[in-house]
Structures are given as structure tokens and as C-alpha cells.
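Each of the next two complexes has chain A plus one more chain, namely chain B in the first and chain C in the second.
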Partner chain A sequence: MSAHPAILSEDQRDCYQELTNVAMGQAADRLARLLDAYVVLPIPRISVIESSELNMALQDAGNDSSVSAVCQGFIGSGIAGEAMLMFNDTSFASLAKLMQYTGPLDKHAELELLMDTASILIGACIHGIGEQLEIHFNQGHPVVLGQHCDMNDLLKHGNNGWDRTLAIEIHYTIEHANIECELLLLFTEESVKTLNKKIDFLLD
Partner chain B sequence: MSQGQIEITDIHWLMDILQNIDVGLVVLDTDYNIHLWNAFMDSHSGISPQVAKGQNLFDLFSEVPEDWFRNKAEPVFQLKTRTFTIWEQRPYLFKFRNSRPITGRTEFMYQNTSIIPLESPDKRVNHICVIIYDVTDTAVGRLDINQAQETLTEIQSQDALTGLLNRTSWLPVLENLCSKEAQHAEPSSLLIIDLDHFRDLNRELGHDKGDEILKRLGAALQTLGGETHGARLGGELFGLILKGKDATQAVSTAERLRRSIATLNKGSTTLISASIGVAGWHPSVTSAIEWLSCADKALYHSKESGKNRTTLYQHKQPD
Partner chain C sequence: MTLNVLICDDSSFARKQMARALPPEWTVDVHFAGDGVEGVAAIKEGKADVMFLDLTMPNLDGYGVLEAIRREDLPTMVIVVSGDIQPDAQDRVKALGAMAFIKKPIDADKARTVLAEYGILTEA
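Moving on, here comes the complex of A and B:
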């Protein structure tokens, strides 16, 4: 994202990166086991974004094509945030094949695939980060943000109760299959202070 | 009070809470046999914990789709992860009645579920807990909103009198056809239809009769055959997209339409006629507005040369 006064120091950023690497690896491992396929491990992107940039961050994630997305809130030890999983709509055919989903691939089937993948990826990632920071995160119920929508429409009901926040972007791809998804972890502004304290503790 | 007594009280409290909490709790083992069945499940299913315990979930509840549920539950056993299902996937896991049997608007209870791993002391997951939430009100609210949005979109895109598209929703259809690719796949043509002397007709017959004629014209546009997209562009002006027809074919359709418009008076002595402008597509036409303006010029020509006729717009040939 663009350069503005960091709420993260370089060290903190590195630490988040490391933390995410571990959590993301665990999530990828679970996904790989679920799909029985090789999941390419990406490099997570840690950034501080303004609320106005959220749409832009999502744009980066979804290119121009239509997407489907679910989001899920998490909270624990004074840290709260939301995880968002977005699938490029072209991914579903391959995903259905890998998950051995039989039956017509309609909107409903796509929702099943989206939810199954979201449960695994989001759950594992949140759990992985929580474990390292010794936080038990409570997960809310997933909510469908939209199916087959334009990225711009996903967040039209979005709240603007925050100005700046920490965003962790993870772009998963599955080798030899046309599957791409983007996992976005967003923490609330108040949480970042608490998180940074925990991180500093790890850094010491 | 001794330490032991407090612990027993605590357990009593916990049991009370489990019994009274307004969510369903079911504990299952790896064979999907029921180990715990709280009061919520008892009340809503009419099956008591004594009966439920030890029974197989799929035997007891034929409505629970076995393959589907196993799909959601297996990762919990194997990967020690939570999984979730939402009412949008499947309205309910257990077919319970609406908890408000009188004022509730659906027959059954919409449910979200969480499936959580229960670790045994040896760190293995031999049991899972299924938590069932009643989300009927949320679901009904969401469905209402969807329905309302659909209706709104429909109202917004339609002309109220004729039921045809309105200008705003029709223009994008035309725009999509404005390309070499689209025209190469299938030629299409554009008609603009304007009723002659409509103001006089309205004055003579009254506005309600005038509206009636507009409605009939709208209906006539929808029964021309072939793939057509008709719109009321305003007043007595109509637009019609003919897919799969080149300019020559469009002219003959226009003539057919003009003749049928003459019969819209339903046998009365009032004469009804229309002027029509036709424009085929041409590579120089790059937008809906340009295309519309070609058809408009042809329409103007029909009006100028005595009304009640069809004119085809002649695209300039490249020199």
C-alpha cells in the first residue's frame, strides 16, 4: 500500500510476517490435505491500510473478474478482526473437481465449496496466529458477502468506524489447477496496539 | 465451604446452563452416535436425552443428509478445526418447527451450526460437538430484503404503464450490441417508433384511452417474434432492438409493425398510425447513443415526409 506514517516498526512488520508464515503454512497444509493437492505457499503481505484503501486492496486481490466471498469475525484477549476469503469465480470448476463434488455446479454448489474452504483456511490461520500469541480466538459465524459480484459491490454496506488498520493478505494458488483465492485478515484499529504489545514481547 | 463442595456446585451450574442455554448442543463420536443431547434438542425434537443417547444420528434423523454432514464433520475429527454451516447452504440441519408457531412466518426453524472438536486427554479428537443456532429471524429478514431488492430492481428497470424496459435499463442492452464482435456473431437492428398525432388522440379520446393505446402498442412490440428488446423511451416514443435481423429484415418487420399499429384502435373510427426510423449497425457506430441518433434521424425523415411510414437510415459509405 501507499506510504504513510507507519503504525508498525520494521521489526514488528517482520514479526507479523513470520507469525503469518507459520499460521499460513498450517492452513495450507490442511487445505492440501483436504484437496489432496499441492498448495503453493505465498509470501504474505503485511500492510497498514486506510479504510478508503480497503476497496483497493480487494481490487488487487480479485483482478477484474467476478468474485464470491465470505467473511468471519474473530475476537479474543482484546484483539478483534475479520477474516475475508475471496474466490475468483473461475476457480470453482477446478475446486469442485478436487473436492470430488458431484452434481451440477450451480450457485448453491459454489456456496458449499466456498464455505468448506473458508472453514478450513480461516480457522487454521486464525488458530495458527492465536497459538503463537497465546490467544484463544472466538470465531463468529461466517457470512456470505456476495456471490458472483463485482469487487466494488462486496463492501457496499461496509462500515467506516475505523480509519487505519493492519491488513494481512495471503494469496493462495493451487498448483496445476486454476484455483486462486485471497485470504485477508483485518484487525481493528484498537487491536493493533494490543497486538503490537504482544509482538514486542515476542521480539524481546 | 470446602473446595470439593464448590467444584460440585460449579458442575451443577454448568449442567444447568447447558440445559437452559438457547442453542442446541449435540456431542457425537466418530461413528456419529449421540453422547450428549441438551434440553434445546429435547424440546424441539421431542426426543428425550434418554432416548437419544447412544443412538446413531443418521438413524434417528433421516432428514440429516449423511454425506453432506460427514463432509463437514470429518475435517473436525481429522484436522482439529472448527467448521461452520450457514442457513444459506441448507436451511436447517434438524427439521424443527419455528420456535414462534403463531406469528413466525416460516414453518421450520432456520439454523446455523458450528462443529467443534472435543479433545480427549490424549490430544486426539474422538468426539465433536455440534452447536445449533436458531437464526430464523435473521434468515427471514435477509430473504425479505432480497425479495424487496429484486422487486425494486424490477420496478426501476421497467416502464410502469407498458411493462417494457425503460430507457435507463434498455440502453445498456443496445450498448452491448455496439461492437464488431457482437455484430459478427449475429447482426442486429434498431427501430424507433413514434405514434403520430398522439397529443390530438389524447385530447380527442381522453388520457385513459391514450394510455390504453400505449399499453396495446407495448404488447404489440412484445409479440413480434424473434428475439426483441422493446422499451418505452418516453411519452409515445418507443425503441425496439431486433436481434438476428439485418437492416433489410428490420425494415420488413417495421412495416409489419406499422400495419398492426393501425389496428390498435380495435375497430373504432379513430385512426392510429406511427412513424418509424430504422438503423442497422455500421462499423462507424461505436455507442448506443450514436446508434440511437441514426435511428432518430430516420424517424425524423418519416415524420417530415408525411408520417405513417418507415425510413431506413443510410450509413455513409467510406470513400
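Moving on, here comes the complex of A and C:
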């Protein structure tokens, strides 16, 4: 057994990336059909970060602009984590247009767009990863972390009950539309040990 | 002459999965490339009578590889293997000259079906 179970070998990192690649493709397909648009898929970023670094990771993701975010816990087979979807606030106008939302685009309408998108992207992504690892994840209720906030304010909500976490970052953009969002999956340190065993089994 | 098969994917896990999904009785020489640039080079070296091509890759992605194949008229038959299952992605790669599209995670039965469908799997 490794003394640092939360540190990934290159093979493990590669495997997480590939599993994410497949899961985010399934999620993008759902979103693409909903918006009738093409979702540009990035190469997902897999990293092990200290809780103190989460701040920085998120700030990278938020790009200093005003954001709105939702998080949703998931749990299954001894693995627990938190999914977080962050939208750049400039995305909502295009999102409303693609979703053919007709009412005024106020904070309430934005919240609805945020929740609808989060439910699709988070649900499909978690399901996709779980399916490949033969884990059924149950999802908690989505919680709005904030609307139109600064990333620093958002982070005050973050719990710090862990030291180190596996972070999976997926940066989605919609082609020909000013829509950008960041999906972040964070697994607890304990979960990573269990996940790594499953990953090693796949690598065998 | 033995057929040369190229598996082009940035993930070593995905390359292994793909290699394992090839029909076991299919006698071919399997080659690997870790991104699009290596992939195009391998085609030019004659290592890709048939190519299994991923789309999301660093340096040169799968779309770039398909464009290079068309532009330089490179001799290979491309089967795209991707997690990008959006209808648009499939239409685009077909328009760029890919012969077939298989979604990830790769499934051995599906690989066999596609190879048989295009008459590539002759030994079976």
C-alpha cells in the first residue's frame, strides 16, 4: 500500500481522464440535444489538490468574473463526492435564447436555467462515471451556492473537512454561443482509496 | 500481406481497451500513436491500413487528423472511436471522410460488426 493513497500514478490519472472523457461526452450529448447546439469537449483535467489549493483551482476556473454556481453531493459504494457547476454570468443570455426561454431574464429565470443545466450535466456525468466503474451513485439535492458572486464569496460555503482531494475539472463551451461553464467533481480523500482500487482493477 | 492497424488515442488506457477489443482471430500488426501528430506520421510510415482514431487529443485532435488525411490524400481507412457522441460530432467526422463511428467505451462486438460490415475482417 502506498503511504500517500491520494497521490495518483500516471496510469491511474490516465484512466480517470479516460473515464471522465466518456462520461462528459454523454453529458454533452444530453445538453447538445436540449440546446440544439454543439458542445465543445475539452480534455478533462485530473489533479490531486490540497484543500488550501482548491481556492486557486476555482479561481482559475472562475476567471475573475462574476459567477453563479450549484453544487450537488453524490454517494455510492463507499465513495462520496461533490459536484459543482459554475456558470460565467455572461452565459445566461445565450442560454436563455437557446432554451427558448421567453420571459424576462431576471435572477429567478437565471436560477431556473442554472438548475436545469446543472441537473443534466451533473446527473449524466456522475452516472457516466459510475456506470463505467459499476457503482450506482445516489445524488443529493442540488444547492445553490450563489448567484452573481465573486469566487471568494462562493468559497466561504466550501467545507474544509478534508485535506486532500481528487479534482476532476471539465470546461464546457457551446459553439457559436457565449456560453461557458465549469463542472468540477471533488472526491473525499477516503473515497479516493476505494476509487483507486476500482481503477487498478480496470488497469489490470 | 499482414494488415497494419493503428490505434491513435492520447490515453494509454483507451489504447489498451481498443487493442483488447480487436477480434482475436484477426491477424494484423497493431501500432499505437499517442496524439494526432504521431498518428499522421504513422500513416505516412504505412502503419495504418486501418486506423482507430480518437477525437479529443492534445497537439492535433482527431478532426485535424481527418483534415490532414484528406488534404494530403493519405492512404488509410478511418474508424473514429470517441466519447463525443453528439449527433453533430458523428456527422462532422463522416463529412471529413471517416468510414465509421464507434462510441466509447469500446465494445468488442461493435468493433467486430463494423469491421465485418466494411469487409475489413476477412479472416473470420
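List of remarks:
Operating definition for what follows: the second predicted complex is superposed on the first by the 198 of 204 C-alpha atoms of A that agree within 3 Å, B and C clash if a C-alpha of one lies under 4 Å from a C-alpha of the other, contacts with A are read in each partner's own complex, and residues count from 1 in each chain.
Just so we're on the same page, contacts are C-beta pairs under 8 Å (C-beta built on N, C-alpha and C of every residue); 3 or more make two chains touch, one makes a residue touch a chain.
Since the model is a prediction, treat every value here as computed from it, not as a measurement.
When both complexes are overlaid on chain A, the residue A:203 reaches chain C alone and has no touch with chain B.
Of the two partner chains, chain B is the only one that A:143 touches; chain C does not reach it. Judged by the touch definition given at the top, the superposed model places A:25 against chain C, while chain B stays out of reach. Contacts of A:14 after superposition: chain C is touched, whereas chain B is not reached. Of the two partner chains placed by the overlay, only chain C lies in contact with A:39; chain B stays clear of it. Overlaid on A, the two complexes show chain B and chain C touching the same residues of chain A, namely 33. By the touch criterion given at the top, residues 30, 33-34, 72, 108, 111-112, 115-116, 118-120, 123-124, 127, 139, 141-144 of chain A touch chain B in their complex.
Contact residues on chain B toward chain A in their complex (touch as defined above): 71-72, 75, 78-79, 81-86, 88-89, 112, 114, 133.
By the touch rule above, chain C contacts chain A in their complex via residues 10-14, 55-58, 82-89, 103-105.
The touching residues of chain A, counted against chain C in their complex, run 11, 14-15, 17-18, 21-26, 28-29, 32-33, 38-39, 41-43, 132, 202-203.
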